[in-house]
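Listed below are the structures to be examined.
Two complexes come next, and they have one chain in common, subunit A, joined by subunit B in the first and subunit C in the second.
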Partner chain A sequence: MTRLGQIFLGLILIFLYTPIVVLMAMGFNESELYELPFKFSTRWYSALSTNTELLTSGFNSIVLAVITAVVATSIGTLAALALSRRTFRGRNLLQLLLLPPIAIPWLITGTAMLIFFFWTGIGRGMHALIIGHVALAVPYVVLVVGTGMKSVRADLEEAAMSLGSTPIHAFFAITLPLLFPSILGAALFAFAVSLDQFVISYFLSSPGYTTLPVQIYSAIRKGFTPEINAISTLLLLGSMTAILIFARFAKPGAPK
Partner chain B sequence: MPNKATPQRASKGARILPQWVSTTALLLPAYGWLTIAVFLPLLTMFLFSFMNKTPMGKAPIEFTLRHYRAFIDQPYLIKIATNTLLMGLWTTLACAILGFLAALALVRCTHGARRETLLILILLPFWTNGLVRVFSWTMVLRENGFLDNIWHWIAPAAGSIAILYSREAIVIGLVHGYLPYMILTCYIALVTIDDAIIEAAQSLGARWWVILTKILIPLAAPGLISGAVLTFVPVIGSFMEPRILGGKVGVTMGTVIEDQFTQAFNWPLGASLSFTLLAVTMAIFATFSGVLRRGTGGTA
Partner chain C sequence: MTTVSVQNVAKSFGTIPVLHDIDAVFPQGTFTSLLGPSGSGKTTLLRIIAGFVAPDQGEVTIGEKDVTGIPVWGRNIGMMFQSYALFPHMTVARNVAFGLERRGIKGAEAQKAVAEALDMVHLSDFGDRMPKNLSGGQQQRVALARAMVIKPSVLLLDEPLSALDRRLRQEMQVELLRIQRQTGLTTIFVTHDQEEALTLSDRIAILDKGRIVQSGAPEDIYENPQTRFAAEFLGDSNFLTGVVEAGGVRLPDGTLIQTTATLHANGQKATLAIRPEKMSPTPLEGATNHVAAKILTVIYAGPALSYLLQTPDGTRLKLFQANRDGTLMREGDSITLHWSPAHSIPVQN
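The block that comes next holds the complex of A and B.
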């Protein structure tokens, strides 16, 4: 029985990783039409290095992910502090309000943003993408930092203040250093959320400012070469690295 | 002052502002941001769904319920909605069966560091770009693609088994996207089951299907339900998976809504369809909110 279970898990892993491995391998295949047999070549990676459209959108994606990580982590950490350390009326409601950005299908959120930004004159482009991506990342930051806060004892801060430290100083000297791993984890998480985001970006990007997934989508629909595999490979490796580092900091989803 | 301040907060002489001011200051940036980026847009979309046309130019806007009648006026939408729900049901069913079995195998057949590594390997694809993963399936399923080549190698005389641009292809891509999540929620529910319960059942002579249907499935139900909800909801709102893997047969509510915003430029119709989908989503969440809030631990 044990053997059977392990074989089944092996099949699940094969199912999960086959397309990813095939995608990566095809980026190193000579044929423009994805023809087999496989013939190793790095031509698509060299083609990629001169494809300014893809490189610019890739650069945009990284800049956007960094901005999203910084902004979402800052404002999300502040909210997490209030939600986990203070008791006040409406706290449950505020916690509930973190769910819509995560739970509502992105298609709905994305089209709603498009309508609202158009209607108010905010428009599309980089600033619209920052507004959208940060909003998607903030709930995750609050959840991750809020979980981290549970392991930082509130009485340490109070002890410091009873010894004459100001609340602000106590926060920076005691709570923040203890909370740092969670905050860093949350930032990486926000970075990955932004880097992987496609649906919202699709509706909010302007012709002059697109992100890599949006560019990949239009390439898939218009016709493409293994260059798309090459850049997709880089994108996958980038977010896998971010998540593995995050897993080291926050150890999610592994209850004993 | 309505708020209950943390009891033993040392009050320094320098404290001038009441605590609710600082609480508000801490909360305002995040919630202000969410208001502008999510809550106001959803309200605006609701408003737009009653407009007779996209408010461009100077022509006056009238309010109408016409777009909510779309399912009656344009019967093909009912067929599309049915297809979308079927796509959601098949994907959720496949994820539930595979996810439950995989979680069961994780809990019963692995342990320690090996289990942790397996769990990370299973969850890793979930946090990579969904679009790229969907694209990767086109390489596997297309004619003369990876599967087709393996098939030709096994059975050279047989025809092609390429299934790209079919409903099956869409479901395969969607299952690939949401299976890791289902495995996680089922795993969290199953891992809390005490081995002693199963041993007791075995020693009392229970056969494996009795253990499965009377113990494991009922105790894993919260995990199965939250996994199913969080699969079904995004799947019925998906549009790029059906577009890329379904081609011409990939017409779903999601692609119809996308069309209203990117091709047909009928935003009010798009908004009303979006809002209908949102209402369905909310109804599902409301129905299962008890299970979802209790998280995935505990009993059914």
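The block that comes next holds the complex of A and C.
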């Protein structure tokens, strides 16, 4: 049984990682048309360094993901705190309404946002992308931080207050440190949601401001070169490093 | 050294009343238990004294000071929680030092106070450990040290021992009492465990449905319960109900039960409480009350024997005896129970 399980796990990992490994390898292949035999070359990385369109959109994607992570994590954490520690009218309804956006197809959300932003005069461009991405990421943050809050007992804050802490001090001295792994996880989640986002970005980007996935998509339509593999590899290494650092420090799933 | 008092306090959660017109004084240096079943309002009363809950009306004073409007962090209380509530991301020493830091005590002075507090609970070598690496009993001691190190005006305990196993709980009771006596700290202890309340307290206040039904020294409440609830909640009791007649209570079967206590006027209904260990199956000097009963069940518990009995009219009674010579009466035996008029206590229903 365990043997079968190991084989199964192995297959999953192969199917997950083989395409990625191939993509990375092809970035180092000299052929423009992805031809074999493999011949090592860094020409696509040199080409990339002069491809301002890809570099700019890649830079935009990262900036956008960082902004989304910071804003969505701040808003979502506060929301999770309110939802788990306070009682107020409509709390259950609010909590319930947070979930459906995760299940609504992005195409529909994207179309709705485009129409709404056009109608309200928000329009398209960086600011519209920030609003859109934050709105997408907030429910994930509330979920992750809300789950983390369940492991921070309310009587810890009460104990702190009995020892002389104001509620604000108790929050910063007790709750926040205990919640930090969850908040960090939520921020990475928000970062990934934004970095990964294509459909909504496609609708909301303007000719002057676009993200990497949108840029890659239009490049593919025009016919593309392994420069795309090169920038994808760089991006992938960046986000994987971030995830691994998180896993190393937060030890998700480990008993606390 | 501080007297704590609560005047005319009431509290409702939404439309549900939890406490009605509570008046209570906790004299300085005494150990008082708030004893009651769950839902009796005992925890809410403690949380009002602590300052976690604001009363709808009434006042709370700690020492000379009216603290009703002062939040919990300004009241200088020491509190122990059911779940220990140690800060899991801090070492034992930092947990204990937390309250000192809030009072601006740092450096060598704080270290000395922390060391003394840990020494008091016999955990001197545990300062560098994390709470999760301690046993339940050790965590509870740390919680006690943390509450005591700030030299609080009053120590509030919210069922702090209920999560411990029996032996450990008894050890902690002794420890708690020793430290309370040493420091002379006014202590208020919430519990639903009557044995714990009897063992620890100078005074007990019994709560039922948001009211204090009786308060006083444990032996006063035990020997002279005023209500049926108090008699049943603190210890076990038998109840005989009848009509007042000629200084006694006439039972439906015609037996007249005598009491030394003052009763209502003749012809009124009255209930007498008799403790099961005050009854005897053999005649005793001065035990002029007697009823016949049949043994339904025999419970052998080592040092103590309990019998469940039934009178001819169907009233259930209990009898407790010390196991003097290992001989037991048998199920089905018919016996006569004898007791003194002084042990028939009239109670309100």
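Note that the second predicted complex is superposed on the first by the 225 of 256 C-alpha atoms of A that agree within 3 Å, B and C clash if a C-alpha of one lies under 4 Å from a C-alpha of the other, contacts with A are read in each partner's own complex, and residues count from 1 in each chain.
Everything below uses one rule, namely that a contact is a pair of C-beta atoms (placed from the backbone, for glycine too) under 8 Å apart; a residue touches a chain by one contact, two chains touch by 3 or more.
Not measured: the values here are computed from a predicted model.
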Exercise. Who does A:Met161 touch here: subunit B (first), subunit C (second), both, or neither?
Worked result: both
Exercise. More residues of subunit A in touch with subunit C or with subunit B?
Worked result: B
Exercise. So, does A:Ile174 touch the first partner subunit B, the second partner subunit C, both, or neither?
Worked result: second
Problem set entry | Touched partner set for A:Arg153, first subunit B, second subunit C, both or neither | second
For this session: Once the structures are superposed on A, label A:Gly123 by its partner contacts, choosing first (subunit B), second (subunit C), both or neither.
Result: neither
Exercise. Taking the superposition as given, does A:Val138 touch the first partner, subunit B, the second, subunit C, both, or neither?
Worked result: first
Seminar exercise, completed: Contacts of subunit A common to subunit B and subunit C in the A-superposed view 158, 161-162, 166
Seminar exercise, completed: Given the complex, residues on subunit C that touch subunit A span 50, 52, 71-73, 76-79, 81-83, 85-89, 98-99, 102-103, 132, 146-147, 150, 156
Exercise. Hey, which residues of subunit B end up touching subunit A in the complex?
Worked result: 2-4, 6, 8-10, 12, 14, 19-20, 23, 25-27, 29-31, 33-34, 36-42, 44-45, 48, 55, 98, 101-102, 104-106, 108-110, 116, 118-125, 127-133, 135-140, 142, 144-146, 149, 176, 179-180, 183-184, 188, 191, 230, 233-234, 236-240, 243-244, 254, 257-258, 261, 267, 270-271, 274-275, 277-278, 281, 285
Problem set entry | Touch list for subunit A against partner subunit B, complex | 1-2, 4-6, 8-9, 12-13, 15-20, 22-23, 26, 34-36, 74-76, 78-79, 81-83, 85-89, 94, 97-98, 100-101, 103-109, 111-117, 119, 131-132, 134-135, 138-139, 142, 154, 158, 161-162, 166-167, 192, 195-196, 198-199, 202-203, 213, 216-217, 220-221, 228-229, 232, 235-236, 239-240, 243-244, 247, 253-255
Seminar exercise, completed: Within the complex, subunit C is touched by subunit A residues 153, 155-156, 158-166, 169, 173-174, 177-178, 256
